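The following pair of complexes shares a single chain, chain A, combined with chain B in the former and chain C in the latter.
And now, the complex of A and B:
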């Protein structure tokens, strides 16, 4: 879920950069010195998630897990995603430098939205948490592909159909992310509930 | 996969101070990314190739990377000429290819490749640890640099922990398929990876606090900013300025 460098128009790049700056500033402000180590290791774990390929029909897709990141990190997912994407730029040359702001916004903004929408649901045991976890995974990918499509079509009207294709192509990933987020959350609730800030 | 192959070497670019390279890369990439002119994109592509040859890195390595990166531009080549509209270039059977669509796809391909090659040449030739410390001395928020340095440090550890879990699953005859069982297994595997990394974070933090950690990281290798770096930076910045001015010709 990256937009390559050199695609977006300057105004979209600036808008993405501004949102990322603001989000990262809020995220860093909420981080105290005790939490920063946890956030760092979760950043590398989510980086590893992007290397996990799950089978889908004849091909495979790699995980994003933005929704889970939002639930676990809240606003801190902005700096975490920014760093993860920067690492990807240096390691694999995916994305880029100037487009980093836009790409971070595309992934982190839906994660924060999911955090605010569903965080109370996670505190309750049972079906409600499962539904929340599935919706988190599903919605974060949906919103991300929507933001990506918007960024492309605001850049150039000619991208309109290409961006509709992008949303359609992400549909299977939405379901897979929803299902995997659901299982991961139910696992975490059993094994390490303090992770989800759930009271026993 | 993540072995920083580009960072090995002692060419002209490898030995430059990461601070100078970060500033040069940001300026150059910005100038190439926002242009709409073919001339500028072509010149920046040529410049990036010159930069790459200065690194003396093997060409096959970068070609492999470019192949992966061009999957997005390939998607644009598939869609843009067919959907862009505008004047018709040529018609293949019932499909009409638009001139503007082809032009845009070509421009983006040129720009993307120029930028990727220049990022490999400028940033790939430094270790991420050095880049992290350089960003800190360029006055980026300390916590952000901390997250960068530490997540980089533990990416390999956590990846190996995840691989170990996968190996354990494979020994128990787990074969991934498109099934709910596979997704459940991956969900649990990832959950376990999260739990392990969270507990590791607590232990590392405690160990660091015990050793008097005060939020300050001390780099092991001291990069020294020399006059050569100033020359390099001024050459890069003037080339970038030239690129920007070319837009108005």
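And now, the complex of A and C:
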């Protein structure tokens, strides 16, 4: 999921940076005092999740947890993912500082989209919430792959070839993330419902 | 406490991470080493899986000219003989890989790393049948009575012997060079992970401070 430095064209880098700036601004504005610790916990989770390695598919993929970030944080996932990616760049040499904006957009924008798509389903108990959680995990990776292919299509091979390659590589991850998101959400709904913002 | 249960939730996740430390995240790695006149290149994803059909390009650093390109096989390997122009001009080679899904990396192979041994193997070619003939010639050198003959034979033997040692060392050192090249890649350590988490907690503290001031 981390695009390396020197792959993308400047226009894509600037576009990614602009979206990240806007998203981070909105996210920080929506962040209130009570949510700060929750956001930082999920930032830590995102930061270390990339070390969990899934040896499936043609390549090798790691957990992203974009869907979980999206449901739990909404717009605040932008600053969370930005910080986590920045630290991953410094400590693990994943991605790069120049492509930080593009990488953040690739992972955070689908998370926000999932948040708005499935927000209403989360308020209902039972099966519907589980389905929504699974879809969130699944769809966020799918959309991230599409965004990544779109970014690469301007520089590398055509969109179709790039998207086929990337989606095929991330297909197992979509199911794994869906299942992980589903279990995490149903666990949280049982023990910590206010964290899901479903009290109202 | 409000967040104790969340902490309980993240703790097992952390433990999983720590127990699975040898696995690393998605990034492409490339390393190259020279083995008897051939440069071997190996491309792996950071989990240790070979990167198949990845594009390799070899450029000289001095004039940024692309010398050759290739595609890795099913084991993530790509081997090529040292290009003549590189040999002649003592180029430092930059071997870069693009796996096609946004991952790119490169490896620097200095001229000093591949040229010294190649020159020796070059010398080896005029005397190809050196290993089987050398023991007999050694014996012949010891037995031969005329002093003139003996001295010339000994000179040839030393040269051959050095070539034999050279080629044997080359064979033995190949895997060592490979693993040395492999180990130069920095892997995420426990220190990095906890350092990162520490930074995140610090940032959370800063954010909480400013938000709490606003709240007042």
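One rule holds for everything that comes next: the second predicted complex is superposed on the first by the 180 of 200 C-alpha atoms of A that agree within 3 Å, B and C clash if a C-alpha of one lies under 4 Å from a C-alpha of the other, contacts with A are read in each partner's own complex, and residues count from 1 in each chain.
The definition used in the following text is that a residue touches a chain if its C-beta (ideal position, glycine included) is under 8 Å from a C-beta of that chain, and two chains touch if they have at least 3 such contacts.
The model shown is predicted, which means the values in this text are computed figures rather than measured ones.
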When chain B and chain C are modelled together on chain A, clash or fit: clash
Touched partner set for A:12, first chain B, second chain C, both or neither: neither
Which superposed partner A:109 touches (first chain B, second chain C, both, neither): neither
Chain B versus chain C as contact partner of A:50, first or second or both or neither: second
First (chain B), second (chain C), both or neither touched by A:148: second
Partner chain in contact with A:39 - chain B first, chain C second, else both or neither: both
Chain touching more of chain A, residue-wise (chain B, chain C): B
First (chain B), second (chain C), both or neither touched by A:24: first
Which superposed partner A:77 touches (first chain B, second chain C, both, neither): neither
Chain B versus chain C as contact partner of A:179, first or second or both or neither: first
Partner chain(s) touched by A:88 [first = chain B, second = chain C, both, neither]: second
Residues of chain A contacting chain B in one complex and chain C in the other: 2-8, 31, 33, 36-41, 43-45, 47-49, 51-52, 55, 83-84, 87, 90-94, 156, 162, 165, 184, 187-188, 191-192, 195
Residue ranges of chain A in contact with chain B within the complex: 2-10, 13, 24, 28, 31, 33-34, 36-45, 47-49, 51-52, 54-57, 63, 65, 72, 79-80, 82-84, 86-87, 89-94, 96-99, 156, 158-162, 165, 176, 179-185, 187-188, 191-192, 195
Parts of chain C lying in touch with chain A, wherever the complex brings them together: 2-3, 5-7, 9-10, 13-14, 16-17, 20-21, 23-28, 45-49, 51-52, 98-105, 186, 188, 192-193, 195-197, 199-201, 203-204, 207-208, 211-212, 214-215
Residue ranges of chain A in contact with chain C within the complex: 1-8, 31-33, 36-41, 43-45, 47-53, 55, 58-62, 83-84, 87-88, 90-94, 148, 151-152, 156-157, 162, 165-166, 169, 184, 187-188, 191-192, 194-195
Residue numbers on chain B that touch chain A, as the complex places them: 1-2, 4, 25-26, 29-30, 32-34, 41, 65, 68-69, 72-73, 75-76, 79-80, 83-86, 100-101, 104, 107-108, 110-112, 114-116, 119-120, 123-124, 128, 131, 141, 143-144, 146-155, 157-159, 162, 176-178, 180, 182-184, 186-188, 190-195, 197-198, 200-202, 204-205, 208, 215
